[in-house]
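Chain IDs A, B, C, D, E, F, G, H, I and J follow the sequence of writing; residue 1 opens each chain.
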Amino acid sequence: MLKNIPPLLGPELLSTLRAMGHGDEIVIADANFPAEFLGPLVIRADGISATDIVDAILTVMPLDDFVDEAAISMAVVGDLTAEPPIFGEFKALLARHEPGQGFSTIERFAFYDRARKAAAVIQTGEARLYGNIILKKGVIRPASA
Amino acid sequence: MLKNIPPLLGPELLSTLRAMGHGDEIVIADANFPAEFLGPLVIRADGISATDIVDAILTVMPLDDFVDEAAISMAVVGDLTAEPPIFGEFKALLARHEPGQGFSTIERFAFYDRARKAAAVIQTGEARLYGNIILKKGVIRPASA
Amino acid sequence: MLKNIPPLLGPELLSTLRAMGHGDEIVIADANFPAEFLGPLVIRADGISATDIVDAILTVMPLDDFVDEAAISMAVVGDLTAEPPIFGEFKALLARHEPGQGFSTIERFAFYDRARKAAAVIQTGEARLYGNIILKKGVIRPASA
Amino acid sequence: MLKNIPPLLGPELLSTLRAMGHGDEIVIADANFPAEFLGPLVIRADGISATDIVDAILTVMPLDDFVDEAAISMAVVGDLTAEPPIFGEFKALLARHEPGQGFSTIERFAFYDRARKAAAVIQTGEARLYGNIILKKGVIRPASA
Amino acid sequence: MLKNIPPLLGPELLSTLRAMGHGDEIVIADANFPAEFLGPLVIRADGISATDIVDAILTVMPLDDFVDEAAISMAVVGDLTAEPPIFGEFKALLARHEPGQGFSTIERFAFYDRARKAAAVIQTGEARLYGNIILKKGVIRPASA
Amino acid sequence: MLKNIPPLLGPELLSTLRAMGHGDEIVIADANFPAEFLGPLVIRADGISATDIVDAILTVMPLDDFVDEAAISMAVVGDLTAEPPIFGEFKALLARHEPGQGFSTIERFAFYDRARKAAAVIQTGEARLYGNIILKKGVIRPASA
Amino acid sequence: MLKNIPPLLGPELLSTLRAMGHGDEIVIADANFPAEFLGPLVIRADGISATDIVDAILTVMPLDDFVDEAAISMAVVGDLTAEPPIFGEFKALLARHEPGQGFSTIERFAFYDRARKAAAVIQTGEARLYGNIILKKGVIRPASA
Amino acid sequence: MLKNIPPLLGPELLSTLRAMGHGDEIVIADANFPAEFLGPLVIRADGISATDIVDAILTVMPLDDFVDEAAISMAVVGDLTAEPPIFGEFKALLARHEPGQGFSTIERFAFYDRARKAAAVIQTGEARLYGNIILKKGVIRPASA
Amino acid sequence: MLKNIPPLLGPELLSTLRAMGHGDEIVIADANFPAEFLGPLVIRADGISATDIVDAILTVMPLDDFVDEAAISMAVVGDLTAEPPIFGEFKALLARHEPGQGFSTIERFAFYDRARKAAAVIQTGEARLYGNIILKKGVIRPASA
Amino acid sequence: MLKNIPPLLGPELLSTLRAMGHGDEIVIADANFPAEFLGPLVIRADGISATDIVDAILTVMPLDDFVDEAAISMAVVGDLTAEPPIFGEFKALLARHEPGQGFSTIERFAFYDRARKAAAVIQTGEARLYGNIILKKGVIRPASA
């Protein structure tokens, strides 16, 4: 463990977040998400909820403010405008860590295609369906900028 | 060996099934199936029948109920509607483990193409021709869902 | 996820437990344990308590009844007979899953030496000091034995 | 599958047997044997009995007639002269394939040490305890010798 | 060496033949064939004639009887209907091991393209030009079929 | 870059520090130190001073308070009690980040031997001779401890 | 360190520059640049400014005089003709090391596409936005040419 | 070193030449050629002239007489018919080792594209510009052919 | 194939012989020799006699004249002074290629120990027992020496 | 190629020299030296003399002035005080690049043992016997030291 760094961020996740640059994306996926055979590096977080991981990540990683929406979830299959409770939790986390950043959804298979290009997929133990979200990394501006 | 887990599921097969997510597919292939050079990981089960492996897998893996058919065999070459005896055994296993799930067949080369995208191919010792089946993994819903 | 298998057991941990044989040992380590550079495979479980992992493992893995003690913790440095609260929790888990099996402790550096020969070390997020335990795998006897 | 070669001998086992030379040893281990972390290559044969594997191997591999005993099992812990039923089955297979070759046993930990130097360990699904045997490869003499 | 298995089949070739399935192809190439940079695994057999390797392979591997021609050589450049003596030897081996199976030829660059998809290329020491042949593996039917 | 984490800590260094446990050591070495062929992982920091790296590391990593001295430099060859100016800078950093922790030195070749067992060696661009220091990681106690 | 070679050029960067040939390109990227998942080898230079790296590289590497522009920066997003101060510093370095070579800019995503084909990306610690530049290697002519 | 084999042919180059077959090509490149990131295996020959390597290769490797030109250099940029002195030296070597074989040139980027498909690129220390040549391997006919 | 190099020397054997230096040894082993698990690289030559390989090797490799005996065979087990016919063939080859060099034998297990330190073991198809020999490489002196 | 760096220093040799630290050693070996199977990384320089490589290395690498002798050759076998001409050339190079540094010799097998611990062995094409030398790297002191 390290001082002042959320303990949920293990060595591999921490180095992935540190190595990501402007516009790179990371997927926080629920326990049923088909992560392993998708392509990107899979970082496992069995037993941890998606919301706890999002909270830990947003503590250290800025979201991209060059685009309108830097946080994207998978829409409910067959009911694209549904709002499962976990979406509300994601929004609350965004409001706390990155006020002003939008939240949006894309259809299931579009979500898979986008996830294929991500830096990594974190497979959490999130038991609730649709507990998936893509976060797009932003920049850290110089002190004087 | 582990308690309450079918002993036919060795370390590699068990971790593959555990890592698969919603919609990922696994192929149980007979002894003549061209598995090794197809692309996906090959898990060998020499000496074991295809039906015993299907039985062991369905003990722990749910099938996908987002689609109509989550169990697909290779149709007999030259007689696409033929029903070799092993198809009946596959159906009986489905009826016992996943009542309500359909069973279908696709043509030999279409089967190969689909198998190329599978998470893994288990090469069994099944001596009967056409002892092949693709199983598509489903989700496990949260207790309260 | 799989049916009837504790979800805390991810693919790599599950295959490790399955591959272990009679007498092989696995270390469940707390968040401060020096696991990474010790030698054996390290399986991370950031954010999970040592007791939750022990509970999940003992659900599927039998302990060794050829030896007197198949569960060994690290004794408190400077007070070898101390009983931190987590020892009580370990004992309760043993009593529930493996009644009759003993619990013992060994000194810190002896614990490290023994851990070097383990099949794997699970680095949990256990924040309490001395949240470490070695479990020794037993046999599964044939049904008629 | 190949013509006239026992189907239980998969690609990896077949190449291992072929590559072994005079005096090299292979371990056929039961389902509880601690194979994975012992050192040599592990070839899995989940669901297959130790005796079926021994039968298949002796169909193609000669035993070493430069030594008195080329087939060695693990003695029963605590009763070194015990004769579990599977020993009788091993002897019958030896009598059929390699008449004149002896059968012996060594103590459990001596068996582990010897297995560490083997060419490979085949982890079978043999459920009976003490279903372990080491086979030492012999030579094939030229036709005119 | 093993009993009753042609000694020309070394460990790697034996495991490749065993792993091949219905419809997989293997290339037996002469000493001038551009094998190394073609794509598939290359198994070297320096000093051995193409016909000796074909003889050894057909002793254990069935040819595919789902297709008309399961043995294909490279046609002579500039004289597609020429019949170099080695073609006659290939036909004699086919007649002996797989009576009824056809023999055909394809043009040099078509041969290369097909070889790119083979399971393996065996680079023999065959000094005669055009000593190349592709063999397509068949099935082994169950005893009662 | 990440929020609130010193930017000098790149992905590999950050994951190494995170993975280290109680008692693990890391070496911060000057530009002339023979790091590459010593054994441990080498993390390069060309152009960065040893003191800047020590400052960044101590911002996130606690030192070991189970031992008397968790910061050890290489003594000057031929003058073991010499105090080059950089030792004073190391002490000032220790006083600021880890007040109460001691600083000591060991002889050149003893330093190499100890460095061989470190988790990693950071090869900085420190141009001053004797700009080397070993830091030993401590524990992070639970909030309520 | 080596004599007469800028110490900022570590082993990996030095060998990359040496291995590059006529027309190969290297990217010097700022701290926010998405380097890690782009494709080419990433060489980290945390804590070092982009201009210091450019200065060190141009000390040993000639630019390509077969093309008009061998130094290309990323244009400011939303203001393609903007001239952030760091562009001036890049031009001054070019004027000093490679008088006569042009400097140009390309749009952000075109810059990414070009960077994907580079020999390597150096991820510096440059905190200023738009601190990115691609350098194209030239030839060294024989002494008498 | 070996008897009767040119000492310039080191282990890797010798095995590459031996493994190449009819029609495979090898590139001998000058010191400025962009070899490392082109694709094929790079064999370094720093300090050796292109002509010395060509001489050594043609001592053991036959050129392809199925095609008109088996030796192709890169044409001078901007003057496709220019004849730099090294072309004359290449022709003299061809005349000596492979009388009757033609010599031709192709444009710079066509040369790169062809080199991408070569078996290997030898990066020599040839200081003269345009010291590049592609050699295409021929066949060795049986003694009686 | 290459000009003037014995075709039995394939790419890997040729590069091994070329890479060996003064005093390095290579083992030519018969078909029963336990090569695969001994330690050194194994180069297979199934179907080729030991004497043909020795003949090909001595065509290009000098023997060591700094020692009395640079060619050592395995003595017959139980009859250390026996002279199987193949020893005579080895001696004839030595007399032809390296007149003046001695031939000796060492006991079976001493032979194995020495073979463990060899550069490589060539597993031939030599069917005759005791068809094993170790060859020790010599130097090639400069032309004027 | 790079500006002001001897072209004989290719990418791998350059990075090795740069990565070496105080006291690390590099071996420049003649063409007969048994480098490949000794242990350290082998960098080939076929066709280049040992003296040319020494000259190039000493242009960039300082020798160790903490020890009396930082340049050690292999003594002539059977005549330990002999002075082959190449020793004189080595001394002249030392006198030019590192005036004041001593030159010494050690016996053949002591030389091998020391070479086993080197950072790398450069196998040159030096045809003269005893063209071997070990160079020990020194430090570069800060400008103001």
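Following the convention adopted for this analysis, contacts are C-beta pairs under 8 Å (C-beta built on N, C-alpha and C of every residue); 3 or more make two chains touch, one makes a residue touch a chain.
In UniProt terms the chains read A, B, C, D, E, F, G, H, I, J = Ribose ABC transporter.
If you're wondering where the values come from, they're calculated on a predicted model, not measured in any experiment.
Asks: Decide which interface, B-E or B-D, involves more C-beta pairs in contact, and give its chain pair.
Replies: Result: the pair with more contacts is B-D.
Asks: How many degrees of rotation map chain E onto its copy chain G on CA atoms, rounded to the nearest 5?
Replies: With C-alpha atoms aligned, the rotation comes to 145 degrees.
Asks: Hey, how far is the Cα centre of chain A from the one of chain F, in Å?
Replies: It comes to 34 Å between the two C-alpha centres.
Asks: Starting from the mean Cα coordinates of chain F and chain H, work out the distance between those two points in Å.
Replies: Centres of chain F and chain H (C-alpha means) sit 52 Å apart.
Asks: Residues of chain I that touch two or more other chains: which are they?
Replies: 1, 9-12, 19, 31-32, 36, 127, 140
Asks: Which chains are in touch, pair by pair?
Replies: Those chain pairs which touch are A-B, A-C, A-F, A-G, B-C, B-D, B-E, C-D, C-F, D-E, D-I, E-H, E-I, F-G, F-J, G-H, G-J, H-I, H-J, I-J.
Asks: Chain J touches which residues of chain G in the complex?
Replies: Against chain J, chain G makes touches at 1-5, 9-12, 14-19, 59-62, 140.
Asks: Mind listing the chain E positions that touch chain B in their complex?
Replies: Touch list, chain E to chain B: 19-24, 66, 119, 137, 139-143, 145.
Asks: Please name which positions on chain C make contact with chain A in the complex.
Replies: Of all residues in chain C, those touching chain A are 1, 7-13, 31-32, 36, 44-48, 52, 125, 127.
Asks: Can you list the residues on chain D that touch chain C in the complex?
Replies: 29, 31-37, 42, 77, 123, 127-129
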